[in-house]
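By letter and in written order, the chains are A, B and C; residue numbering begins at 1 in each of them.
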Amino acid sequence: MQLIETGAGPVRKLGRIAAGLSMLSANLLGASAALAQDSGEDEPQVVVHDLMKEPAPGPNTYVYDSSILFYKESGSRVQAVEPVFNVQNYLANGSIISGNFTFDTLTGATPNGATPSTSDQTFNSIVREKTTSTQVTSTGASGGGTVTTIPGTAYAKSSYTVPARTLPLASFHDHRFAGNGGLSWLANPDTRLNVGLGASVERDYTSFTANFGIARDLNQKNTTLSLSVNLEEDISRPYNGTPSPFQELNSQIGGGNDTKATYGVLAGVSQTLARFWITQVNFNLSGSKGYQADPYRIVSVVDPVSGAPLDYLFESRPRSRTRESVYWGNKLALGPTVADVSVRYYHDTWGINSLTAEVSEQIPLGGSLYIKPLYRYYHQTAANFFTYYLVNGNALPAYASSDSRLSRFNANTIGGKIGVRVFKTGEFYVEGESYRQTGAHTVANAPGQLSGLDLFSGVHAISVMTGLRLRM
Amino acid sequence: MVLTTRFKAMGSPCEVQVDCTDAALAARIGAAVEAEARRIESKFSRYLPESVVGQINALAGMGMTLDAETRLLMDYAAHCHAISDGLFDITSGILRRAWTFDGSDRVPDPAQVADILPLVGWGKVQWHDGVLILRPGMELDFGGIAKEYAVDMGVARARAETDVPVLINFGGDLCVTGPRADGGRWRVLIEAVDDTSAAAWLEIDGGAITTSGDARRYVERAGRRYSHILDPRTGMSIADAPRAVTVAAPTCVEAGVLSTLAMLQGPGCEAFLEQEGVTAWVIR
Amino acid sequence: MIRKVILALGLTLLGGCAHVGVKPWQRDILARNAMALDSEGNLSGYHDHIYFSKEGATGGRNASGGGCGCN
């Protein structure tokens, strides 16, 4: 055995490593001693972050969410099937790359805007012949319509008849493909930036969106301030061209495509109020300029005495709209359950004021299953140019639309979700809900026959959504 | 007069020597140090599934936040990794699966080591803002820190109780609170490292001493002796390392890391210790 | 008006922010997936789309809602 003593000189001149270790060790033991003094907090030793939540996903983790929506309105109105695929890639440096793909198929019928009548109503219009094949399915008859070519022209006459005392509907069929991608990254440990681009394409409508956002954590990540800017450019390409405001239905449309530009800003604060409570307040302002009417929607012109339809005009809406909303959301852990409570107040320059309140509660049943009942209340006032009909002989207003989305109504959503943990890190979920709009069915002082007809065109819809979310 | 409390913790014989004649005081100090040792063992032993380290290893792949004391030790380990250019690494423990050090000539198949290496390396661990994420399959091992930390914390406990000189020795990792009551040095027996060598006495009047190396745990092949200390960067044993290195330093945690790093230098052990100005004894 | 209300509310909240909140190790409950403000994944997109196509109001929770000819 050989015992060699090193570095035992009278003066210890430490090297880089030894000197560093000396400092680190002193810091460690000093801090530990301070902790032992300050043992008031009973701090849990290991707290697991739940899966699939940032920042918990590990380095280079993918989260996939694949789902499908089945949506059906009663009264043979709209039916939709909408598969969505979403992927997020969490990188080790904190960046998140995301992509989202949606494919919609819509079929059925939607109100054409005319009032019902005590007699059958026939809707004659002039359509572009080159689009006839799609035209028949897009705004064709409810219960059978005809399309007759006009010889020597590129146009055809379209005609369909709606029975008496029935809300006039026009059938349609459409597909939509939408995709968007986003990138979010940490500018520094407390500041996250994100950019996103998206596009949505239908046969008669294309939309491009871009957004840029910044979120900053303060106060030990208990407060997050965020600001995002959203830009949207929409191109409307109606099958028969864009009608002029109040153009007669049975006339040749001269207008081509039209566009709309939207600029929005959203400023938000989220704040952890307690161990069991996180709250969020957002203010959202957006302005749209351009074509905002529905190019297929008409308004009935009725006789001031009998109330019978005399003519049908395409609707007219302002080309500018500014929307403001304030949203307050909360997540509250109540024992093992988590409640989500939110309210929103909304106002726009078209005169719509709206209040939305939503509450849901996630209730675990055992370790891998939960249920989540939900309820949503929605109320809106009518846009100031909303009307069910125009009265013949009165001066035309600047704007008029009979779109039920611009009317005064309430809506109630009742639903529930079931989630099951699968494959250790995944979740399978099913949600079903009923959405019902209610409102006034008659108008005071309606002329003649209209006082006895149901003018309300709100919907009742059932939807079922199911999907699988996996993290790997 | 030295009154000694003995117990077994962290897989080692432990003793607390108190230089006084007050048996009650010695027992109280012994009990306080033992309680601290057991607290640290139950918190940082990788063998206990309910310990912090056991939980961390069981939760590899998931994100977790850790308590303040564990965060301090994690930061300490992270800094030691950085300062040693990756030689000190608390993720290297799972390399034991490939190596068996029983004095035989069983060197693992390089492919076996290569299979484990993707799970070794502090650089693969995410440790930011108090949030830890291990890659699935990775394991942390505080074996190179926890016992030494327990000795230092035991010293702090003893100092809080009394001014009487105390020596704490957990399996050869030891620390004294200061000189003996008569002003003299404590004499410490460093155990014989194998059957052929004699035990050695060291004298100490302050600070800590730790020993790395175990003459019974090695692999010998083709005339070269492979130490049970493994290089976390290659997964391979350090050839031509000393049989044991004993290091003196002000604290036990510091001495422990230095003696481990010295072993990892292999043939360069003595040069490393000289360069770092560390008081040490090398047995070859 | 709404802008003034939110400004006042925002300032009030911010003023209180520095004093409320939790320590990093008290995030156990907040770390639950259900406590995330955006825990609904694809479902929130479906809800936005349905409500956007049937109602006059939009936005608030997030700035989405546009992007189709359904409104």
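By definition in this document, contacts are C-beta pairs under 8 Å (C-beta built on N, C-alpha and C of every residue); 3 or more make two chains touch, one makes a residue touch a chain.
Given the structure is predicted, the values throughout are model-derived calculations rather than measurements.
Enquirer: For the pairs A-B and A-C, output the one whose chains share more C-beta pairs in contact.
Expert: Top pair by contacting C-beta pairs is A-C.
Enquirer: Among the chains, which is located farthest from chain A on the basis of C-alpha centroids?
Expert: B
Enquirer: Cα centroid separation between chain B and chain C, in whole Å?
Expert: Computed from C-alpha means, the inter-chain centre distance equals 50 Å.
Enquirer: State, to the nearest whole Å, the distance from the C-alpha centre of chain A to the C-alpha centre of chain B.
Expert: The separation of the two C-alpha centroids amounts to 58 Å.
Enquirer: Centroid of chain A to centroid of chain C, CA atoms only: how many Å?
Expert: Once rounded, the distance between the two centres reads 12 Å.
Enquirer: What are the residues of chain B that contact at least two other chains?
Expert: Counting only residues that touch two or more other chains, chain B contributes 65-68, 129.
Enquirer: What are the residues of chain A that contact at least two other chains?
Expert: 43-44, 47-49, 51, 56, 221
Enquirer: Note the residues in chain C that touch 2 or more other chains, in rising order.
Expert: 24-25, 27, 31
Enquirer: Give every residue of chain A touching chain C within the complex, in rising order.
Expert: The contact residues of chain A facing chain C are 41, 43-44, 47-53, 56, 65-67, 69, 71, 82, 84, 86, 100, 102, 104, 176, 178, 198, 200, 202, 204-205, 207, 209, 211, 218-223, 228, 230, 232, 234, 236, 262, 264-267, 269-276, 278, 280-286, 323-327, 329, 331, 333, 338, 342, 344-348, 350, 352, 354, 356, 362, 370, 378, 380, 383, 405-406, 411, 417, 429, 431, 435, 437, 459, 461, 463, 465, 467, 469.
Enquirer: Show which residues of chain A lie in contact with chain B when the two form their complex.
Expert: By the definition above, chain A touches chain B via 1-9, 12-18, 20-22, 24-29, 31-33, 35-36, 43-49, 51, 55-59, 92, 189, 221.
Enquirer: Any idea which chain B residues touch chain A in the complex?
Expert: Of all residues in chain B, those touching chain A are 43, 52, 55-56, 59, 61-70, 72-73, 75-76, 79-80, 83-84, 124, 126, 128-129, 131, 133, 135-136, 149, 152-153, 156, 193, 196-198, 200, 249-251, 253-254, 257-258, 261, 270, 273-284.
Enquirer: Touching residues of chain C toward chain A in the complex: what are they?
Expert: So the residues of chain C touching chain A come out as 2-3, 5-6, 9-10, 13-14, 17-18, 20-37, 39, 41-43, 45-46, 49-51, 54-63, 66-69, 71.
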